[in-house]
Every structure is written in structure tokens, then in C-alpha cells.
Amino acid sequence: RAPIAACHEILRQGRKHMGFCGHTTTHDFEILCAGEAFDRLDAGYIVGLEARGLSPCARRYMQSGKVRVTEWTNYSLSARIRAAAMGVPFVPARNLLGTDTFDTSASMIINCPYTGKKLSLHPALYPDVAIIHVHESDVYGNCRIRGILKSDNDLARAAKRTIITCERLISNEEIRRDPSETTIPYFLVDAVCEVPFGNYPGNMVYEYFSDEEHLREWLKVEEDPELFKEFLQKNIYDCKDHHEYINKNGGMEKMLRLRTIEHLLHKEGDK
Amino acid sequence: MTTAYNAMELMICVASRELEDGATLAVGTGAPCAAAMLAQKLNSPNLSIMFEAGSINPQLPEMPISVGDSRAGHKAVMVSTLGAIMETCSRGYVDYTFLGGAQIDMYGNLNSTYIGGTHQKPKVRLPGSGGANDFGSLCWKMMVLTVQDSRRFVEKCDFITTPGWLQGGNSRYEAGLPEGTGPYKVFTNMAIMDFEPESKRMRVISINPGYSMKDVQDNCGFELLKASQITETEPPTETELKILREEVDPHRYVIGR
Amino acid sequence: RAPIAACHEILRQGRKHMGFCGHTTTHDFEILCAGEAFDRLDAGYIVGLEARGLSPCARRYMQSGKVRVTEWTNYSLSARIRAAAMGVPFVPARNLLGTDTFDTSASMIINCPYTGKKLSLHPALYPDVAIIHVHESDVYGNCRIRGILKSDNDLARAAKRTIITCERLISNEEIRRDPSETTIPYFLVDAVCEVPFGNYPGNMVYEYFSDEEHLREWLKVEEDPELFKEFLQKNIYDCKDHHEYINKNGGMEKMLRLRTIEHLLHKEGDK
Amino acid sequence: MTTAYNAMELMICVASRELEDGATLAVGTGAPCAAAMLAQKLNSPNLSIMFEAGSINPQLPEMPISVGDSRAGHKAVMVSTLGAIMETCSRGYVDYTFLGGAQIDMYGNLNSTYIGGTHQKPKVRLPGSGGANDFGSLCWKMMVLTVQDSRRFVEKCDFITTPGWLQGGNSRYEAGLPEGTGPYKVFTNMAIMDFEPESKRMRVISINPGYSMKDVQDNCGFELLKASQITETEPPTETELKILREEVDPHRYVIGR
């Protein structure tokens, strides 16, 4: 669940030289590499799109030497964000020990004063800006997220600024009807924008499945830098907003199909 | 005449037999997930599969493409967070983990970060640890699933992303990693290997049908130890292949590669 | 939300010399003091029943010198349970510093290797047994808890053994229908018992309000140790189980009234 | 003729005026909660009240008896956990906290653990810190609400449960507590006090109607500093008392004591 629409906008605004925290990233990393938006990186999982393979464009950029990389692991980055959310300078863990991942990270080893065990310290990570795509939010920024959480609540509290994009705006009354559904409270949020299908072409759990065809198209076209340039022009730079991008790639009709696959309705049909 | 099978199908079927009923297992996507699903549908219905992104013990309608997609959380008993899964491993609740890797050395150390060049300017940049270092450090038994090929089985990894037995002997625990954890078995298309208890060096214990010890050693960049009795691996059965192809990976995401 | 029925059973079974973690305790602490079930204590919030005042029986026991006390705070104990749930020997925090609470705790101070700041370390707390009362559970121990969580999920993972008492048993299918409702997964649970009204006379959020009258009765009768002895005999030792206790204190009729107050139905009536 | 009011009502009304609109506040139950509710219903509708047990910004139907009861979570924007609330304070998001205490010394240190005897065998055992030490350590401004009585305002606390300015001067920050946090104001039935910026000693800044500086000093076990201008505290208004009695604490849990 990534803020794809926001990533497109970052490219459209030509943002450069940012530091990026690549924590379980997939298509979002691919887009930011295409726009060379960052030159410093904390890397947990990058370049890959899990079972779909590696992004040629992301590989090219990461192999260009333009990016200063600090290696971490998925847990390390969630621990670093946890530390910031707790308002403490670090949290200890037992991963990283003995590996090159440790050597190329910013972790430190101490001997636990209680048990003498070696622990890898994870320094707090205070992002200047966090952008989180959620299912629902009210105008104040009280957010509801369904399905698995990455470290969304922690991230909103760790970051100095938090921007929320949501599938749907809902009323404050609805939030207060069932407070246990709220994942991010308003006082952690600085801006709220309603961006339906904001995670397209990714999978927004309980909303719409990923557009696998379109994701494969990205991987295919990236193999030829020239072709890829035109592809980006058509799909990002020439698009006013996310809806224009969607309309160029199947529009409402495809979104409906992706919703049907998401809810496994086709499976019920097949039964 | 057993049905024909490809290398990936063989590895998945053989690996899945290791996962006893009631065990807990942490996986990412790809072949490891297929092996876990196959085991759950066959002889280990109570195998608890935990996906890195947070879903616990789902009833998978089909192979998930990503650890975080709605398939991975389908009819799970719980959807928690990535942090919760890793902490559950750190607390000692997770028996097995399955990892792949671009390079593996004689002590089971894995490289999934980069090959060639330098860390800041690599020739081939890979995804990095993801959850691999975490699972490899924190789960009791690490299992590796990869193709038998001397470009993968190397004398020395360009980068140790995930800890195996590190420099062998007791070096893993001296580095501070939890006592009792460590690499357990390696499954390739040609053989099954474990780690000799003293030196912690990789050792062949079973060879897959159609291959010889020479084939295995020829496709390995370092000298493999040999167990006193090396058995012959049972090939995939009709049922294993049928379930793998029809239920586990009908879109052939993994077995098609 | 405390496992009151289980506390009564602990007294009935005459359990003694236990160590107890008094983390935001109220009526449960009162009962365990009445049975002198523990002689070692990690104290976050004890003796008091919040706005209702202090329990005379709890004060007498705590002033008897029979209990070896280590002082903590509510956050310290949740941090200690957090550390155990993370499988690390401690987590750092910024409370306790400079106070007698620190001196009488088992915390240690270090200078953060990253920032030089002083941090109070909180050693992991691995209870031998945790008893948690929840709204719903299936037979495997997948639990649902509504409303605020104390550190239930962490506690179940930190403890070596976890016993669940629940208001209602539900099916595994129901759990799997909406996995995001599950708070405690089955593999952390060792026993499940269905104990409707298991938190009476406390407030089980969304189920039944607290029986304030009965709680005041406890505080009143505790003032006279002899009277209190008879009161305990009648309400705990002579009761076979929690239902007998409830039947002696208003039975089903009162439970219905407490449900009505909990759901503020009477308020709607008054409107 | 203003309506008559008791000491508790006076303190709650005066304290509630401190809580500006949009501020964030961490409270337990009792008088502090009443002051917060009164402020929210009067001049600070956007005052965000966070209850120690986890509920954020509830619309309270009536005074909760416990931080964890369903009243405290009624129509809240979020119900989280005790840990989350404390971490939110630690992260610096919470402006105020309101604490009581059996004893308070000249530097605003509080004792809610025990009085007389020893720690292991106290004469009067009290609840201990609860969330007090956490809020007192981590929120920006600590406010205290207690009765003006020399048994409470003592030369030296039997036990420092919650940090005020510790030994005065810069000792609080030397002990490592977050820079910029610390005791802010003390409200009693007789006066309002703050802390002199250099020495951090308690200083009278306003005296409540019907009391004199002598009354305040006579009911204090240590020598109080005096501000250059000591004002007279505005008594509770009609509206404040009306809302306090009818909406905030109809069952008189707090104002009845």
C-alpha cells in the first residue's frame, strides 16, 4: 500500500536530492528512481518487485553511483521508526550481527548491561516528511487503514510532517462511531488529500487488486531507456493528475475489473 | 512412469517435506511460499505460515505475488504488522524460515545485496536484505532453496547480507546471534545438503534422481563435504505435482520460471 | 478489563508466594491482597481504585512488610513487557530519571552512545503465567478485544504461559472472516476458558458497566477485618464458580441492568 | 451575589482556565479530568484530552470513574493503548499534564508512593506512580491540583515519586529529563503558584478570594517566594459552576469530596 499518486506528483514537481527510506518498497521505488528524486537512501528492500522480478530502471540508477546507500533490513527500518515514535534515540535488536549489512549500516553494537549479550542498536529515524495512503480519513486526519499495517501509525508519529492521501473522506461522526477503527490520530497529520485509486497500479487491500499487466509493461519498457522516456512522458509528466494517468490505462472500466478480482468475486462466479 | 517435472518443481516438493505439522514458518514470496503452501495442503494442515508483512496462517486462494497483497491475508487468523512478525521470530516462536539468495558460501552465508563493483557503485544491484537478514538471524532453522550453479555456490560472497554460520565453528554465536539458531538445510535441483556440526561446512546428504556427486561438486565453487551415507532423494510424487500445479501455483509464477 | 473470575479461583486454590506485576491494577489487586497470594511485587499502580479511593485491605497488606516491592510506573511496566515481546533484554525510555521511583526500581541509567543523553533502561519482564480476559476467542485461542488495549498482545507474547478467559467462544470461521479484528494469535495461547461476566464487578467495555455499588461494598466491609473475612467466605471461598458469586450479588437481573448502563441505553431513554 | 462554591469547585474552575483551545493534555481521573472537561465545554472546544489508558479526545457523557472505562472512550477519535499515549508524550506531542499528590515540596516534586516508615514497610502505602512519573517526566508543562495544607506542602517528601525541578536550578535537566519540560503551576483552594525561573522554587502569583498571603504561608511547610505583583484570583463564574455541576460531574464524584 504505497502513495503512488504522490510519487507521480513528486516527479512532476521535479523534486531532486531527497533522502529516501526504502522500507519494503516496490513500485514506488521504481517511480522515484525513474525521476532520480533521491540521492541518499536507507535501503531495506529496494529494486525488486517481489515475485515479478527486478526493475531495470531501478537497477541502472542504483548502479550509477549517484546514490549514497546505507544498508538496513526491513525489521531494522521499522525498529528505527519505532524508536522515533517512542521519542528515544535508539531501540536494541538481535539482527544484523556479524554481517556486511551491519558494516554498511549506521548500527552500533553494545553489550547489554543486564545480560552481557551483544545487541545491535537501531538509531531513531525522524523523516522530515511521511506520505501515507490510507483507506479512509476525516478532514482532521483521523485515518482508518484496513488489513496489514506496515508501521503506519509509528511513521506518522516519527515524521516531522505527515501528508495523508485517502481513498475516501469520511465524517468525524463516523470516526467517533467506532474509535477502535482509527489507526492514525489527527494531531499527527498535517495535510489530507482525497485521491481515489491513489495506490493504482498497486494492490489496495479490500479495494482493488494490482494491475499486473501494467506493472509488467513498466518492467518491459524499462529495458530500453529511450522507450522508457516516452512511456514516462505519457504516463507521468503529461498527466495533470492521477485520474488522467488511470484514464490512459484502462480508465473506470479497468478499475471495476480490478475491484472484482480484489474481492475474489470472479472466484465465486467460477464455483 | 512418474510425470515429468522441472527443477523448480523438484526443489519445492522436496523442501515442503521438511515442514512437519504444527511447525511455524516465516516466508516471503516465490518458491519458499510455494513449498509452504504445498506442505500445508499435504501432510501439515496445521503448519502456521507467517508472511513477512504481517498475515498469520492464511487460507491462500492462490500464490500471492507480494507478501502484502490481499491474497496473503485471505482468511488469515490475524493480520498484524511486519514488526510484529519479526518480533515474534526474535522472541523464539518461529521454527523455520526459507530464503533464496544470489550467492551462498560453504557456511550458508547469503548475498542478496550486490554482485561485482563496490557497495556504493555495484555492477549488479540486488534488493538487499528485505526480511532475509532478520529471518536468518532470528528463526531457529534457516533453509535455503536455490539452483545448483557455481555462480551461486561461491568460495566467498561479494557481500554477506544474511548470516549463515559466518566463519564456521562457533563464530555465529560469538558474533552474538541467538544460540540455537542457524542454517539447517539447502535444497537445490541436484541435491540436499546440511551443515557438518563441528566445522559448520556445507555437506551433501542426498542426491536427486538423475544426478551424481560429481555433477553436484562440478556446480559448486567450493569443496563440499560428503555425509557417510548419501541417500537418493525421493522424486516428486503424482499428488505433490498435481496439488502444486493446480492449487498452489496455477498461474505458474514460480514453477514457470 | 481484568480476569476477576480467575483471581477468585486463585484464592479458592489457596495459591501463595507468587510474584505479581501490578500494572494499572484496581479490583484485581484488592482480591489478591485479600488472599495474600503474592509476596513479591512489581508496582505500577496498586492499592487504589482510581476515583473510588484506596482499598483498606490492600493498604494493610502492603503495609505489613510481607511483600518485597520494586517500584515502577505504568509506562515502565508496559515498556518491560514490550522488551520481552521483542525478545530483547531491555528497551530504553526517558522517564524515572532523578527520582526515588528510579532508586527503588531495577532500572539502570546509560548514556546513549549516539546522543550522549541519559536513558533509563527497562529490563524485559517474562511472566511465568499471564491471565487475560477478552471479549471473544475461538477454541484455538485467537482472541478479539474491543476498546482500549492495555498491552494484551505484548503480554501474551512476553509470558511463558498464557491463559485466556473470554466472554464468548466464537468459531474459527468467524475469526477468519475478519482477521484484522484479532488481537492475540493462537500460538501465544495455552488455555481458553469461556467465563461470561468474567470481569464482573469491573467494567467490560461494550459488554457491561462496573457494579459501583458492589465495589463500594468491598471498600466499606474491608474496614473491619472480621466482617471482611465473612464477606470473603461468602463471596469467594463458598462459591463454586463465578456464576455462584454473581447469583449472590444480584444475579442475571443485575447483569442486565449493568448492560443497559454500559450501552448508555438509559441515557437514550431519558432524552 | 455569586453562587456559593466549595474548595474543590474553585480549584477545578481556576485550573481549567489554563487550558487554551487546541492544546493537548494527558490526564488520569478525578479533579484533573473535571478541569479538562470543563475547559473543553467552555472556552477550549478543541482541547485534546488523552486518557492514560489510551482514549483520545472523547466526547464524555459524564465523568469517568476509571481511565479505562467505557465513558473515557465514548465517541473518542481513537482508542489506542497506554503505551501509545506515553510514547506520544515522550515524542513531545503533549503540552499539559495535571497531577495530584499526597506530598509536594518547594521544587514541585511529588510523592504518591508512601508516607512514614520505610519503603518495604510503609506506615501509609499509596498507589505509587501509576502514570504520574511518566507524565511528569515527559509532558511539557506539569500542573498540580491539591489542597493547601502543610501536611501536603512539605519541606522534604518522604519519597520523590514524580520529578518536579528535583533539587532546583538546572538539576532536572542534569538528571537527564527532557529539556523544556517541568512543573508549571500549582492550584490550591487558597492560591495559584508558579516556579521562580532561576531557583525553580515555588512562588505565589495569585491568591484566591477570602484568603491572605498569611493563610497560604501558614498552610505550607516551607517558605514560599512571592511574585512582585500578586493578583487576586477570579472566583468561579455562574456558568463555570453550572456546567461543572450539571454536565461535568453530576454524580459529584469529585466536587462532592
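As written, the chains take the letters A, B, C and D, and residue 1 is the first residue of each chain.
Note that a contact is a pair of C-beta atoms (placed from the backbone, for glycine too) under 8 Å apart; a residue touches a chain by one contact, two chains touch by 3 or more.
Predicted, not measured: the structure shown is a model, and the values here were computed from it.
Asker: Can you name the chains that touch chain B as well as chain C?
Answerer: Per touch definition, common to chain B and chain C: A.
Asker: Have a look at A-B versus A-D and report the one with more C-beta pairs in contact.
Answerer: Output for the comparison: A-B.
Asker: How many angstrom between the C-alpha centroids of chain D and chain A?
Answerer: A distance of 42 Å separates the two centres.
Asker: Taking the mean of the CA coordinates per chain, how far is chain C from chain D in Å?
Answerer: Those two chain centres are 26 Å apart.
Asker: Please list all residues of chain D that touch 2 or more other chains.
Answerer: Expected reply: 55, 73, 79-80, 90, 138.
Asker: Note the residues in chain A that touch 2 or more other chains, in rising order.
Answerer: As it turns out, chain A has residues touching two or more other chains at 86-88, 93-94, 117, 119, 147, 180.
Asker: Following the definition at the start, I'd like every touching pair of chains, please.
Answerer: Going through each pair of chains, those in contact are A-B, A-C, A-D, B-C, C-D.
Asker: Can you check the complex and tell me which residues of chain B touch chain A?
Answerer: For chain B paired with chain A, touching residues are 28-30, 52-55, 61, 63-70, 73-74, 79-83, 86, 90, 109, 113, 117, 119-134, 137-138, 159-163, 166, 171-172, 175-178, 253-254.
Asker: Which of the residues in chain D end up touching chain A in this complex?
Answerer: Residues 24, 48, 55-59, 73, 75-80, 84, 87-93, 138.
Asker: Going by the contact rule set out above, which residues of chain A touch chain D in the complex?
Answerer: Going by the criterion above, the answer is residues 84-88, 140, 142, 153, 157-158, 172, 175-177, 179-180, 182, 185-188.
Asker: Residue numbers of chain A touching chain B in their complex, please.
Answerer: 1, 24, 26, 43-52, 54, 58-59, 62-65, 68-69, 71-76, 78-79, 82, 93-101, 104, 109, 117-120, 147-151, 154, 203, 205-206, 209-210, 212, 262, 264, 267
Asker: So in the complex, which bits of chain C are touching chain A?
Answerer: 86-94, 108, 110, 112-115, 117, 119, 121, 123, 146-147, 180
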